[in-house]
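Heads up, the next two complexes both have chain A, just with different partners, chain B and then chain C.
Up next, the complex of A and B:
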């Protein structure tokens, strides 16, 4: 199986999922290529294209929440960062993805608590 | 050898129908880009692919969700054995594990593709000599 063909298919399917959520592929094409390469490798090994930047556990249900695109499972957190955890997707209005920081969930939760 | 397998209008966009042409089982697929024909049986365990789903140029097998590019016939992923993750009674789990061990050695194959031509109202597939 050719990785490039699978990447093209993943791009097609992912775009249909993330577009209605207000996200798009990152303009950083080098990063996108790298992350999709990792996802194809993970899918060939584990059957599902898990997020390459999040650790899996022994809990299947929990692992399913990090199958790309995992935005629906982490919507508030990712909306706060305006990007998904690994940066494959960013909010549609983002033109400079490097300006967006990865904010750990604990920090996001603390800030959310403080805001309320 | 061009063989008529359907008429224009028989297949809606995004749809698939099975057909036999020159003794070969095929699936005629219609996308926004036109018609494509591929071999009917999944390159994994021979499932009838017209019962799967077609999204753009990507056909997904109804059994283990192997995906194929109908433009090239290329298999894009390995089948997914979802039952591996599902909680099930011990007896069923043993049977499932046994089945999985049998399926472990099954190779994935690409699909055959066949040129499609629309001649008047007829949709014809070229299946070789």
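Up next, the complex of A and C:
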């Protein structure tokens, strides 16, 4: 499948998957296009559309947790940020994605511990 | 800094340093050998982090994620406030030409 066709297929599929999770594509269309291009290239190279902003390791099971859309595997962390790590998806009520920060996992875990 | 060649936030981070003529070294994790990747993975996980990029070490302080305000603070840059962590779209999605060195 050509890259552009695959990109559109991923766009269609992702929208259906993330909607019931309370997420949508980021309103930052330039970012979305860039990330989808990267995912198509990663899929062509590695057979899965991995997150372009998270690193793969030798652990296959761990790698499966960063196949896009990876929200279910990082739900609490991403809900805390109201975006996924790469920013492809944001909470449905987000209109200004630039206002959302990338919060490191260690900081999220610390804040979660402090809150309990 | 540890970065991914596919990550737009990593590109912004590199450009942040390049635009300010701040020398930096970067390693694109995804372009390394498996052996080198394992060493980097251990370093990241030993710090309690996941494999999330960019990963920037300024002095002894680690900054995970695109965070220009923290970069400025740690570098002692006084460029005024107002640029939120996730701001900086004009930091661009491409890489600039500056003093940088890939390790």
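As a convention for this text, the second predicted complex is superposed on the first by the 115 of 116 C-alpha atoms of A that agree within 3 Å, B and C clash if a C-alpha of one lies under 4 Å from a C-alpha of the other, contacts with A are read in each partner's own complex, and residues count from 1 in each chain.
Following the convention adopted for this analysis, a contact is a pair of C-beta atoms (placed from the backbone, for glycine too) under 8 Å apart; a residue touches a chain by one contact, two chains touch by 3 or more.
Nothing here was measured: the structure is a model prediction, and the numbers come from that model.
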Contacts of A:86 with chain B and chain C, given as first, second, both or neither: second
Touched partner set for A:71, first chain B, second chain C, both or neither: neither
Chain B versus chain C as contact partner of A:32, first or second or both or neither: neither
First, second, both or neither for A:9, with chain B first and chain C second: first
Touching partner for A:55 - first (chain B), second (chain C), both, neither: second
Which superposed partner A:101 touches (first chain B, second chain C, both, neither): second
Most chain A residues touched (candidates chain B, chain C): C
Partner chain(s) touched by A:43 [first = chain B, second = chain C, both, neither]: first
Contact footprint of chain A on chain C as seen in their complex: 4, 6-10, 29-30, 34, 37-38, 40-41, 44, 47-53, 64-67, 84-87, 89, 93
Chain B-touching residues of chain A, taken from the complex the two chains share: 1-2, 5-6, 9, 12-13, 16, 43-44, 47-48, 60
Complex interface listing, chain B residues touching chain A: 55-56, 58, 67, 69, 72, 74-78, 80-81, 85, 108
Contact set on chain A toward chain C in their complex: 28, 30-31, 34-35, 38, 41-42, 52-58, 66, 85-87, 97-106, 109
